[in-house]
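These are the structures, in structure tokens.
Two complexes follow with chain A in common, the first pairing it with chain B and the second with chain C.
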Partner chain A sequence: MKRVLVELKNLSKKFGKEHVIKDLNLDIYEGEFLTLLGPSGCGKTTILRMISGLEKVTSGKVIIDGKDVTDIVPAKREVNTIFQNFALFPHMTVWDNIDFGLKMHKVPRTEADKRIKDAINLVKLKGFENRKPDELSGGQQQRVAIARGIVLNHKVLLLDESLASLDLKLKREMQIELKKIQKQLGITFIYVTHDQDEALTMSDRIAIINNGTVEQIDTPENIYRKPHTKFVADFIGEANILTGKITKVSENEAVVSLPDNMDLTIDNKNYQVGEEKTVVIRPECFDISSIESLDSFKGVVKEYIYDGMITKLIVQKDNTELRINLMDASSFKEGSDVYLKVPKKYIIVLGDKNE
Partner chain B sequence: MEHKNKFLRNLFIILVFIFLYLPIAVLVIYSFNKAKTNIVFTGFTTKWYTELFKNRDLLEAFINTIIIAVTSTVTSTVIGTTAAVGLYKYKFLGKNFVNKLLYIPIIIPEIVLGIALLSVYTLMNLNLGMFTLILSHIAFSIPFVITSVRSTLSDTTKKIEEAAEDLGASKFKVFKEITLPLIRPGVISGATLAFTLSMDDVVISYFTAGPGSNTLPLKIYSMIKTGITPDVNALTSLMLLTVIIILTISIIYQSRKIRKKVVA
Partner chain C sequence: MNKKLDLFKNISLWPVVIYSFVLILLPLLYILFLSFCETDYVGGINYHFSIVNYLTIIDSTYLLIFAKSALIGIITTLICLVIAYPFAIFLMDKKEEVRNALIKLVMIPFLTNSLIRTYGWIVLLRKNGIINNGLTSLNIIKEPLSLMYNNIGIIIGMVYTLLPFMILPVYAAVNKLDPNLIKAAKDLGANKFHVFKDIIFKETISGAFNGSLMVFIPAIGYFFISDILGGGKQMIIGNLIKDQFLTARNWPFGSAISIFLIIVTFLLVRVYKKIGGNIDELGGM
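Presenting the complex of A and B:
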């Protein structure tokens, strides 16, 4: 099926006593857009630098295209990086910046010129060939960095927070363009970001990194809909995370009793009465009504926040605050009573296997 | 109000310039004075300059000064640049301490450095002369070169070098194609500084010179013991001219790059 192009095997990195990457395993497929997503300081840049060779591994292996490159210098690895602040060569023109890698690899002149021209067309920098980096805008510098990274035709491109320094509008444009370039060239992107929206819109798969390990790796949809851990649920999107006990089981269904008398019916997946379970409910997954119905529980609207496309409610249920997002919340006001239900297909139970 | 401020500001700048450059102007003007004293200007002459060139002692001191300045500049620039790059590139125990230590030769009184160097030479049984002079000038120039080169090295430099490595450059290529061009302004200003410092050094040279290794500043120093004569004025005017030429070359070299950028 899909071919593994980059393989990280039991990768560890220590800076002095600080254990930054802990026994990390990761397979990256040929042609995919994989995002490493995680909070600042979790080790994303370090992972990327170990793939490019700019950082030595403490233990473990880096395998690229079937070849163990763990002890090979960056210059000899067939990957290129687009750095956070572009790291363009300030004393060289756009053309020379893009040409640098080709010169280092001794690509014949006619071939090199053709490739530079193609790259310049691809990133839409025609007419800027003779400018120096400091005569370009942030977006244009970004494009030079991309051109410089792809011109060597390596199969893997590493991108470290490459869009973080751009303003929001430009960022959105570049996200779409990067994705397009990646599809067009069919190369593998390993993209580092701490921006979840960016990760969700651009990636084929997302690896959630926490504390130097992979917390979960999955498609954006599965990461959002089927988080495996509290950390993933909390880090991606908004979530109500509640912990309770299984109080009733029948053949197909079970009841999980959460604090403050919230009983939720869920599918029974071999649960035992008394088992502790953590459930995740996304804010858009509630059924909300001003009329009581079977199995609903009562809460009070504590805050009403209009946010354009959606309205955010914070509903107080005894001591628990629930976050609820609605498209139309006009029938609810601050202080009014509401009755809540959660359809069982929207209840995520953490710790379920094979989901 | 605005107007008045502007006027005061301009006046202030003019006064500062007069204060700085009037003495120099006087010196140059009196080097063309017919009279033997520096009091009244009695007429224009270039005879002090022609006399200078007949003075074998002076000529020899001049040649010594140039030899010392050139050799010490080249040597201290090479050593200082290498040291600055090494200090920035490699981590080692006590790096911070070494970094601080570098400022000491810059801030300690020259007289202390002069005596210190002299004691070392005596201890090592070195005969004072051209060799010890060059050695001393190299010694006091190196920290200036290091500081100047180091100011052009930063975290950004490191990232740019890594980008080059990532694109397939060997360590040597990174240094030649990336590091060297990036630090060039620091190297040039370091070398300029070393040259001018060497050209006019009196104190350290006084301690470390020997018989037959007189330098121009030392010669001038001994000449003015008998009062400032027009030939001293002429000589210092020539030194001034040399320094101006060096500075101009250095400035032209650096602004040529800027102009090239603007044109492009």
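Presenting the complex of A and C:
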């Protein structure tokens, strides 16, 4: 069983009348890479700051490593933060920036020097020790911030949109490197982002935050394949979200009838006829053909968007637009008729309890 | 189009140029010129080149006045720093309206004549003034304190008059500080003292230096404060210069001391640059 390292219990935060975090519960395991993912303004930074102590909690508890730290000042908490704008001290060199925390913790000089050297090697900044932050590129500043955050050997590192300011290519590189550093050190990373690709790439688990509460917490794969709510399905990746009614049930299968005469066969999980259901179909989950077959329904290609690796089609089925992504769509021109099917294993029915 | 705009810019700059030339540069050049002339000891000027005035400055009696005056200036500057920083830090996380309101309060004294405000202090500081009467009636002290006609009086007057010149640049620098730097320092284990010493003060040193210059230079020059609250017995450099121009009628020597002060100011800026300060942050000094 994995050990819980950070525990948020019934955490609430109000700024004046605005209730930003609402009775949030979250267990974070030792050594995991957990991402808090959600739209801007949903409260991610606030959650992070309550863990670091830089924001006071309105009610609830923050427990780190079994110790209730709710009323303990940031300086005494065994966590470190990497800020969105890095917050490197401009008047200090790279070396002094990394040294700052060690000095504050009165780490003996020889030990401190060794740790700084190790950290500098880890983030590949050898040779830059005497530069000031404004003499470094964005990526290098990022590395200094990481080194400064890990050099204290604390068990938890908090990262707030740390890669947001980097350009796409550098961002991809740093994502892989961050993950590597995290594995190598074996410490817990709590990473905040509004970028779903980033979350899916790096995380062991993702907590989807919506409106100050945890909407779902799961592995990246499960978040994508088995979203529990419309919000999660919509926020992560592209999705066709359709609501209809169960019209037929047999022993193993059921039929959900969606608007515009789309009947889909799904596994029966104790559904009742007449029950309303919302289904989610990812754009890459359609079987598409120009020839009619059993159970297929007809649509018309309305838009054809070439996007490099994949081609995006928008198919009009009566009044419903369906988004479909294909590796090879050369045989489907705009305006042509297509016949669609969805294998039932790819149909996500919301509201199903965890299997 | 552009040419017209350039022309307009040129014309609109002329009043400033003329103002600076006539009211700042010309008098300064005149003072510089005078400082290399000699007095004829009856209030007139011998117009021939001489460095005797500068040699007189090095005379030990004058050096003593300089040293005492500098000490008063340094103490005044330090007291102003000690008041300005907590004030600026207090304002840091306040709402914008609160900050603006309090900064306006700091500037209100500028609306009345500083000479009159200095006379006001007599009512507070004299032997049977408000402060001494208050303290004796509360039995905190038995004998009234000597708060004026001495160096203490001068320093009180200087701090009071010059404090806004420290608060404004310090506040401006602290206000520009990225609050995340302070959060980062706390996050890395810094206590309040280290947050101030290692982050806030180091990051706003240009504001502190700027304010210090704006306080120190007047603090060795504002002769009226020394006249009123020091009782005229306590000489500062400002008194010395004033006396040369008005009493001793030795304009060349007065000019030389003035030029000497200007040189000291420039040297201070050089020192600041040497210790790693950024001249641009001083705002055109």
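Here is the rule we use: the second predicted complex is superposed on the first by the 354 of 355 C-alpha atoms of A that agree within 3 Å, B and C clash if a C-alpha of one lies under 4 Å from a C-alpha of the other, contacts with A are read in each partner's own complex, and residues count from 1 in each chain.
We adopt the following convention: a residue touches a chain if its C-beta (ideal position, glycine included) is under 8 Å from a C-beta of that chain, and two chains touch if they have at least 3 such contacts.
From a predicted model like this one, the values you see are computed outputs, not experimental measurements.
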{"item": "Chain C versus chain B on the shared chain A, clash or fit after superposition", "value": "clash"}
{"item": "Chain B versus chain C as contact partner of A:17, first or second or both or neither", "value": "neither"}
{"item": "First, second, both or neither for A:83, with chain B first and chain C second", "value": "both"}
{"item": "Chain B versus chain C as contact partner of A:93, first or second or both or neither", "value": "first"}
{"item": "Partner chain in contact with A:2 - chain B first, chain C second, else both or neither", "value": "neither"}
{"item": "Touched partner set for A:148, first chain B, second chain C, both or neither", "value": "both"}
{"item": "Partner chain(s) touched by A:131 [first = chain B, second = chain C, both, neither]", "value": "first"}
{"item": "Chain B versus chain C as contact partner of A:101, first or second or both or neither", "value": "both"}
{"item": "Touching partner for A:169 - first (chain B), second (chain C), both, neither", "value": "neither"}
{"item": "Among 1-9, 91-99 or 127-135 on chain C, the segment whose C-alpha atoms clash with chain B after superposition", "value": "91-99"}
{"item": "Chain A positions touched by chain B in one structure and by chain C in the second", "value": "52, 54, 73-76, 79-81, 83, 85, 87-91, 100-101, 104-105, 148, 152"}
{"item": "For the chain A and chain C complex, residues of the former touching the latter", "value": "52, 54, 73-76, 79-81, 83-85, 87-91, 100-101, 104-105, 148, 152"}
{"item": "Residues of chain A that touch chain B when the two form their complex", "value": "52, 54, 73-76, 79-81, 83, 85, 87-91, 93, 100-101, 104-105, 130-132, 135, 148, 152"}
{"item": "Chain B residues within the chain A interface of the complex", "value": "156, 159-160, 162-170, 173, 177-178, 181-182, 261, 264"}
{"item": "Complex interface listing, chain C residues touching chain A", "value": "178, 180-181, 183-191, 194, 198-199, 202-203"}
